[in-house]
């Protein structure tokens, strides 16, 4: 793993075979060069504080299993999103601590639980149909070691539902708000508490929801200034960035 | 104005020149025929219970004045939307009861006030920038003889504002709710009271509001089932249909 | 169900343990607090005059049945939209008054018929393919206790069809007009009678209909001012808001 | 103008200098070659039966004048669309038969009137704001020698207006129907008469008309099968293709 | 079928029971009234010169058969678009002259062949995948009694293909040009001959063709002025309007 | 400001005039009632930890000045976005500590500097044209008392530019990344450091950037999971939410 | 294959039966005429240097096989895109050198390998899900005789991956860069090396990727000036144009 | 400019103060470190073979002049796009070899002409209104030292125009094809010659051209496989990538 070329340059320099200027010229290109040891960068956990994730969408069961085994040989923990039952049957029989979260089709293997941030992450959803996306955020944030409180079916058509959750809201460090259709819940939550709100539009709806576009645009145009948005149905991303925000405290 | 052709047919029939069957055959085509007296249909006030309106958008001052004079020669009342000051200067000097509503650029001439519905129409707007559209609805509904209560700057980012208007909301027969940006207010209002809600998206916003598209889609996807939507910035239409609903009581 | 905390406050106040100012301060936060009895708010029928509805779209048969049983234990009546035969087989065997409306896949249980508005609601559709959406509106309005008259296949390509329904149109308090493709029927109907028109675009069409977008835009841009629009294929919403309008009379 | 190269080949062939095979090989490439006389093809009037047109949009007054003079030196007639007053002032002073059509900003020079088709072309517009586009169609069709009847402000919100024009409609060979907003008029006209309908959406409208998109989509999804559509505001194109259709008779 | 009410009015008038003015007043409302005999208007063949068509898209086999039998009891001929084999098996066994056009899934019953226009209709398609749409146009135009010549796979990527069809093009009265992907063929054909061109965009393509949108926009923006456009994949509409144009000659 | 009605209820209760049950019933409606003291909620600084902001976009100079004076009479600090020079000339002459930030047209009045979070907020922009939006974020975050480091013109077309800022990136608690055109910078920054990234798309670009839509979609689809997005050109929102995140530490 | 008509003209001319002018007049129309030998143009390989390709998308197995046999009877080589296993089973049993590339569903028959350009074509993909599209480009470029190096999973979320490929990048003549989601890789690659970059957006992604639209817009707005774009998922087109560019050297 | 830190490391190593392993560890981080000499990378001419360009769009005259002076102090040549007359007046008076290309608003300073590729670049435009974009491509390619031939107004509505340019087309190494409206020219050119085609959509058009979207989509869906596309109106990008392709030969 020690780059032979670099060793050679240093040896030549030390032995006086090449001058300082030449070394500098050679190194000049380093910002873009493959020093071979760049390959060690797959220790992504060191750089990002987070073990590997497999996005199951569009991958076959076989592909997922192969990648999973490779990652688990080097990392204690693993998260797979959009994994179906079959993946769990295979991995579950091999890894004791493998768990399947059927409401969001996520699978986790946790052998050395991570230490998350000190605060709490709140996850709120407008309707029951938004729960799978919300649960993906919950599982992700918990996998990253965070304390998570969730509260579903608190959409704006019955305001008392979210209003009655103000104590919970205030106890959080960051809130993930999941909503489809007109996506109005993040604006309302953002107006109630001074937390960073990570809004997740969902593809729940029909007709002029255009696969979540209505909710997405609604959230981007929120009149509450403390709302930032991730992709439609991207529960994982919301759980991930909320974990990073929580870690900040 | 008496249709000569029809008279001729009837006369011929009475005089026995043509048989019943022939008359029926001739009349057969009437559903689509120009009986000339179709032209009397410009008595739109009889058919629709509402005097003429001039949509000022895209018309020159001269065009508006010419149409206005023509209409006022036959109708006691007139509403002009999107009329500028110059139109008012001209008409105001000729008609005593001419009034200019500068906050929504509407002009009214009311010589025989109309009798509206028995209930009250509520007009609510999310932000101050939405006021011109809301005021167009107010002026329209008042012009049609309705009692109107308005309440502005009650957007969802500060929920207490609309919550504190519940008494007002409950006292109305129908509510017009005007909002730009994410357009969430109609959903919230629709969840608070069991009124028919006419939602008006506005072009207030920037970036991903796409000229009011975000608010429009949000309102169409409302999770409150009692919301129906009119075109972006269409304050007049909202005032008009709300007046018809109120008249129903 | 009586909130103990509130009782305690009142008792303490009556016994002179806390001053008026303190009570007021404690109540100060109530507008946003969970008083527990907020949970009674599931008596939505009191607030909205309408019993619960289950939107079947995207729910499994099992989920629908579970919710249905829960609601029917507290409410005499129930409406389920987008319910399939299997749901009916289950519920129909348990509830005598359970009825399946196969042309719009709606299911109703009516044990204490509701009292609707005094007038009539008219439901019109442009084409035969629009009938399922129109029927969802009919079933909804009837479930809410209204008298409903429907008239299908009266699209604008054969004007005599809608023209021949003028008597029916005039006898209504409010009209629901359902159309796909170019969605022109609401404009025509809106020009014929001075009723509030609830327009429902449908996804009927192909190519540049873009899943109902063409009809939706057409209706939003209606040159008839008495037209308001609900979401694509949202027959339920149209029936619901029309019922509220009718109740106003 | 006689292509010298071709002459040389033929001469060489006749004199026996080159063989038949060689001539054929040389000609082989002709379908794609510049034979120089291809340049004569600017006699577009021969090929298309229609003299040159200058599309004024986006051209400076100077550019238009230069092209106009060039064309008028070879053709008796000329049509300029979207020409402003200044162009007319210049050309009008030089050409006696130059005429400016201010309602559609078109300019014509007609020195040898064209002979159009035997039938009549009808031009109908929904609103008064659509008139400039409709007039561009009228001027174009008249310039091509056709008899044209126009009838404006016959939109579908007042059906009696277009119904009263059925006799006119039936007397035409082809109808041009111009409408903005929801663009429903072509469907209605197409249902009344069995003529080819050329529909022209206009950018008249606001909000969700999206610059004429709503009218365009409406016309493309017409439930009347005899409707074909040209670009938004393309009065010239409609007048041109209608003239070709009329010429067919 | 004779309207009794009208008969009564005429009888009363003849007998002097009611005055001329009263008759006129009664008839005044006729333009919009249901005279009952409006129902005879299902003789669409008289008004439009074209027998009934069933659009099979989205109809069940049973629905199609029921409507087909009803129409065939009154009309000699019938065209069904988007009909599957099963419909043919049923109808084919009952009607000798029933024919199935499998390449475009159309079915025709022709018992009294129609007399079309005197000229020829040309149908051209860019690619082989566009053939089903083109064939729908061919079958429609032939069903309406026209002589049709078709020529497929002449897209612009190999210009010699369409150039070699110039003689055919010139022999037509009107050309239908069908293309997916970039939809450039109508512009090229429109530049070659001075015919009315009915352009049909198809949904052939992938990625940024967006279901035919690219081809549709291309055709609407054609730089050839003799191009008018119908809906994506609407071969029937193109064949129908081309037949009307041809009939004009 | 003491709510008389509530006082009355309490007094009646203490005096035994009304029973406990009645008080509870009366209070039952409180979650939605206007207790008048709801009006004190304009102390938004208490609830949200942030003084008032005036969004200058679309307001006249006069309107801004009037609101500014009102707010400054109650709050020590004020931020105005999209304020032009004229506003500054007026306010600057009245308030000593008034400062105009001309590169982003923001105006601040800071009389009692706020205490922000303990960490640093980094603001990065891809191009020089994105600077005004980035500066709005900087001014907002600084106004909220944060330490801010900014670094502009580090777009992905010259990777060494952002790579050379890794030390700065690592020293931040949260990063705001501003980019127009293809909006790729947030993905690259998000891959380099494990910070929460607030991405701001800008309307910088032309053609297929569609007013910032391309950058917006790019950021929403980021392959880096730590990216959340605010509206196009919304520098203020990014600065605001980043301040909330920083405060969390 | 020798055009008889042309031979006749030349013979008549040589024999003095027709004059030079007549020959020229006859040839005058040639630019657009069908000289019959235009049909030889199916020797596309001569004109474009590339043998025939069958686009399998939307064709049945039978259709593909029939066309394949026809082409292979005249050409030594053949490429079929989007071909399924069944096509290979049939062709593979008949042609020894038939090869199936299962990762991109392409099939090749190479009997006389083509000679490509002298340089190397690099193919890079952002994610593993983009590989099928990238492989289609690889297979196409190799089929055209080029040396190809590919390198996958080098997306911008882990910059070291593409940075470590700089040597490979610099060794290429042209680079094909394939990416879904935000499509940022081509900009980054384009900034690293001064090669022509052919960018291929893929439909990989979900939610606001809108089937590849986000990646497409990102690439079109690239801040690197050396990027040109082909259609979404169009690996074949990228491989084809890159081969043409490489041939240029 | 020599990085002191690196020098220190090397000196310490040579003097035996630090071991080889330590040097390697220190260099380990270099791929992402700011080595200070990264700043020398503004010698973009070395890396990309092309001197700096200033994109004038959205920059003030003052900003452009300041950047221009800075660049000209280090580079012999400069290209400014979208520069107005005022910029030229300033720079022209200071630099003798400064040239203004008024038809595309580009400005060049060429003191040491570049050596371009050996072949020729052809630039073709469909209409005269597309010329400014085409000229930007011409100026760019010439500035990079290439031989350029241009040919305008050869759109597909008059095919003989582009057909007569086949000799020119065949003499090029690469072709830039510029078109607005339906954008069909690149497909046609791509079918005529086996060159790489760089297609440039322009915003020329109106109505359903949607600012160049129609042309863009048309080009992306080209049925000719040798077409790649740049952004709308991006003449510079086309000229730049064509120069890179030409250099390849």
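Of note:
Letters A, B, C, D, E, F, G and H name the chains as they come in the text, with residue numbers starting at 1 for each one.
Note that a contact is a pair of C-beta atoms (placed from the backbone, for glycine too) under 8 Å apart; a residue touches a chain by one contact, two chains touch by 3 or more.
Small disclaimer: the values here were computed from a predicted structure and weren't measured.
When the partners of chain C are compared with those of chain E, the chains appearing in both lists are B, D. Here the repeat of A-F among B-C, C-E or D-H is B-C, since over half of its contact pairs match by residue number. On superposing C-alpha atoms, the copy chain D sits rotated by 90° relative to chain H, to the nearest 5. With centres taken as mean Cα positions, chain G sits 39 Å from chain D. Distance between chain centres (mean CA atoms), chain E to chain H: 50 Å.
Counting only residues that touch two or more partner chains, chain G has 31-33, 35, 38, 158, 160, 163, 192, 207-209, 213, 216, 220-221, 231-232. Every pair of chains that touch is listed here: A-B, A-C, A-F, A-G, A-H, B-C, B-D, B-E, B-F, C-D, C-E, C-F, D-E, D-G, D-H, E-G, E-H, F-G, F-H, G-H. Per the touch definition, chain E reaches chain H in the complex via residues 126-127, 155-159, 163, 181-184, 187-188, 190-192, 205, 207-210, 213-215, 217-224.
Taken together, the chain H residues at the contact with chain G in this complex read 31-32, 47-50, 53, 119, 159-160, 163-164, 173-174, 194-198, 216, 220-221, 225-232, 236-238, 240-241, 244-246, 248-249. Put simply, chain E touches chain C in their complex at residues 31-35, 38-39, 41, 44, 57-59, 201, 203, 211-213, 216, 231-234. Against chain A, in their complex, chain G makes its touches with residues 129, 158, 160, 163-167, 192, 204, 206-209.
By the touch criterion given at the top, residues 2-3, 6-7, 10-11, 13-14, 20, 23-24, 27-28, 30-33, 35, 37-38 of chain G touch chain D in their complex.
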